[in-house]
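Shared between the two complexes below is chain A, which pairs with chain B and chain C, respectively.
Up next, the complex of A and B:
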């Protein structure tokens, strides 16, 4: 009996013996050899110059940014396919290495580190949520890996980040709200109450829209901040001050549909006029039950979700490649609505990385500094297959791109564009010159 | 908004929160009271209820009222079944040891959460309310469905109370809670009672979630807040005391609603946690507890 107990203790319970471990390693090595003998691997096993360009894609696959992450991934895949079919970058194929950051700043920095040290990625790319960008950018700067964000936050152009962080594919909040304010003040009203998420992105809205309204002779009379993880919103609506003419809402996170529905329950048909950022309803069908009260209200859009008569052939090409129908839903599932006003940024950023790498003659991580300088040299971007959202102007000093904005009115369950701003309306004075920072 | 209507709105919001919280916490309290198990996976059962509700509504697609009704029946049954399997295969094998079961239910929480993430995905999805009815008060509108949630929760709690005090099964449960060994001596199938109670606790959580899903949407992380609040309620109310649990749920839920409306939701959470700390210091048994926490 005692012997039995003893022998039980000595034997390792996991059952992995040295012989087995060796056999396993051998099998793995053989498998690896077999794999590299496959036709697909031959190409990359040659010289450095034909190896793929590795782009580390920091994706919000889980956490509060998941809906955006799904569409950012689809757009990235489509753009990569288009680029590779046209010969890749400098004749080399593009390979996307996706890592989930959980929409979490701490994890974001770790993901950047993995790209740089483990995956040997050439650049990092693709982050949306501003707190993840702010958490990750310092690490990208330390590791000297170019970090192309698709975030909308003003933190790039404000000078808060570093020379390795660029935003060439999507406009920032400061520029967006500045070009919205004149239209809101002259068409909807001058006394505005703002509802926004209580983190960096929302604070950008609060600060820059307030300033832009003041410049128009308007006033923001109420500022209501809501934590982005909130799931119940009704309690915030009584804080909207009396005398509010325009309710300005922008919300993110999994609860956005609840937020807008509860707004409708609270006001019914007799509320103030409503101007929202489409972020409040990205990935949500505008014709959902409970949203009827939005009829006639206005939204900012970065890129019109519903195909317009004015949408050109480049938008049609982009829409088809990503797999989005004329109503902004997935071709496979009409219930799966795109984050159309943001995801074009992924497509355009990848094309800008291509343009930068080609003009820098990029060959490998040793040329990262040259890539940064090449992108900083870019000025005009024409409306094209690479830029389906429209023409843009890049500011190499602030690392921020500027473009057109859209205002759409809800009518018959669709978003119909009623106003398109000029690029220049979004300009503001440079707050930083990153080109003066060392590389 | 004037003070009166503002207070009314705050009270309504608080009452809805309290109604759902009472159901969830009641499940946690029952499991602890009868089995002496701290079920950390309770929030996961809550989330499971919401997700199954979405699945049922999506698969059935028979109009919002029928969808909801089906979800109301199927989701708690599904959560109960998962709980029963977990109880039979995990908790029973640990002999309901208090320390081991805490660790085991933490594991269960992760397993359920990850399986939900892998199958249901990371999105928040809505289940339509059974009816689209809005009460227009002179100062603001209010969802008729939310008022129904309060009524439904009261009805369920009355039924649980009746079941515990007036039925044979309730008697068995109370006997097991009072003294496991003596109950066994009186031929009460303690083993089956344990399985039933664990499943029933999960069903109450799932029921709370089905009620909440038309208000909040189903999401794989939605169980965390209810779990925290349920623990707070159970500690404040007194471990194992159903009366205390319901009263504490009303107090915590209402104060959470009212403080959230007049001040901020963060302050409401701070105060609730502070109350727990104070109660643990001043009255470790909780309001109606029979043994110390």
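Up next, the complex of A and C:
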């Protein structure tokens, strides 16, 4: 399936039989005749109502984010198809206009400009990598095009961006990390050493988790930053302080497999208990050779990759529509592992755009401000077909959504959920009120 | 060079700036925004052209000069509340100072060694940004507050203001490049490029002239970096990465090394090659690569360089 998204535009598929089409045409003709007799009816209203809603999809097709981008594209295609089959948005079909940003902030900003000024997109959407979001958001704000990101960065809720940038489909790293601390402190240990990449993503983990552990009476006794250019990790393991009960790792990039392998060789059969973020192993088969050392260790997951007994019908529906099997791999290729903990954000964001547009009575770019206000008014999101990862609460002031998190244990080559956090565990004090900024 | 060809060349460059001025009133929004971006990047390419095109210094580290300007303007805006005018001036000064400092050491080498030394300095600069991640936000970068993105009371977020600031910077860089190309200084640069030993034998202090070329180049790159950050609002480490040292080399090679407008032609061509091809394929850099091979085959001295060789020998 899937890589049909390579064609630049995902056009709504009709899926309409000839009989239904004829019946529909008859009804439309009758309705049209009746409408045209009404005073005030203008021709372009019909044209406007049937024109597609254009969603500019800023996709990481190339560059470091390509593995994520591929699955974000597949999820976007599936969600668009589901929305269109259900009648689109306000009765109008959704058209996805995909542009590669090369996972580069400069190109990202150019792509936003292209959506706003060349494609005439209604909104821009879909960015994951934080530096692309931060590089693009100023242009989105200046061009006044709503920019729905699926990034999990804390940049939205931190107040760094602007009123036109929202993150309603995925929780942010601060919330994720904070909600892990109570379980880690009470189940794995209170003395933690963190190993993280020495750039902003790693620093976020370091700062938020240290604060959250302190609040639980725990302590981060070692903070080991790995430079981004590192390719071997042996020299860092002796720096892990004695007395470490939990080793917290969050590595990204091509060095992850080496990191895990070397960690296994260093510790052998005994060592601290291990807790990691699945970001380390998104799109990587957990049963890959070299990862045996992770058996019995724990991971944060945004959305359980392996179907669980507790997974509901909405997850099953979502999994089937996107084309993911019970092991989190593509239905077409079992070696093609999904970025399951992140890509649901695309599905849910598109459904939130639909909800916002329908609530705002959105008709075109002139209603963008109304759309922002309508999304800001959203509070509860129930677990549903639109929200298969679970229920959520949206904070209109900070433009950030909050939801459940999962902790899974590796066993038998699978990730088995052992704990699901409450939404409230991820709450923190508002750092911005975007609603006070002018539109 | 005759007075006639001098006038012809001056008229051509004035016309080019005039055409860019007129395009402001004609271009649709998307291309208008692109052209503003291209003019700033072309200023960076012209900076590179001073050292590589005119003086023959093949640096692989010019991203550090661009980033010096970008980060100086950005950090001063972020932490000291400095406005755009001050940011561009300090960015220029930062590019100049870094080029002099790096030049004093790197210019002890030549050829391949110079390429490697500049590459290493640029990598050190790149990692410095990560080292001071608390202030620079490392790979994520940061946004320059909109309050500081004002020049003489005008918001740089306004498309027209952005365009004219980019055009002013571009015109100044054209003037500097043109001036250098026409001056005795430029002729010494060219002499060093063509035969360094002979230039030394003629009594010129080659080291000082090369340092001067690198300093002018660094200052222009710093100004371009500062302007880029202030005009588009974002400061990030990507702009200090190796690819931003390679880009100006490609732009200059495409447009024509040691021609004043060649860097602009190369930047324009490559920008639209990527922009248009990315709509059809993810292998857009392959298309850029094929275009480069085609250029080497049919325009071995770049677009304007080949034009100068074949039809317009008066082009500076």
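We adopt the following convention: the second predicted complex is superposed on the first by the 375 of 439 C-alpha atoms of A that agree within 3 Å, B and C clash if a C-alpha of one lies under 4 Å from a C-alpha of the other, contacts with A are read in each partner's own complex, and residues count from 1 in each chain.
Here is the rule we use: a residue touches a chain if its C-beta (ideal position, glycine included) is under 8 Å from a C-beta of that chain, and two chains touch if they have at least 3 such contacts.
No experiment lies behind these values; they were computed from the predicted model shown.
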item: Touched partner set for A:237, first chain B, second chain C, both or neither; value: first
item: Partner chain(s) touched by A:268 [first = chain B, second = chain C, both, neither]; value: first
item: Chain B versus chain C as contact partner of A:161, first or second or both or neither; value: second
item: Partner chain in contact with A:61 - chain B first, chain C second, else both or neither; value: both
item: Partner chain(s) touched by A:227 [first = chain B, second = chain C, both, neither]; value: both
item: First (chain B), second (chain C), both or neither touched by A:310; value: neither
item: Dominant toucher of chain A (residue count), chain B or chain C; value: C
item: Partner chain in contact with A:50 - chain B first, chain C second, else both or neither; value: neither
item: Contacts of A:114 with chain B and chain C, given as first, second, both or neither; value: second
item: Interface residues of chain A shared between complexes with chain B and chain C; value: 61-62, 227
item: Residue numbers on chain C that touch chain A, as the complex places them; value: 28-30, 33-34, 37, 127, 130, 133, 137-144, 146, 157, 232-234, 236-239, 274-275, 278-280, 282, 284
item: Complex contacts: residues of chain A adjacent to chain B; value: 61-63, 66-67, 69-70, 227, 230-232, 234-235, 237-238, 242, 254-255, 257-258, 262, 265-268, 283, 288-290
item: Of chain A, residues touching chain C in the complex; value: 6, 8, 61-62, 99-100, 102, 104-107, 109-110, 113-114, 116-118, 130-131, 134-135, 137-139, 142, 153, 155, 160-161, 198-201, 203, 227-229
item: Contact footprint of chain A on chain B as seen in their complex; value: 1, 5-6, 9-10, 13, 17, 64, 117, 121-124, 126, 128, 132, 134, 136, 140-143, 215-217, 219, 222, 225, 257, 260-261, 265-266
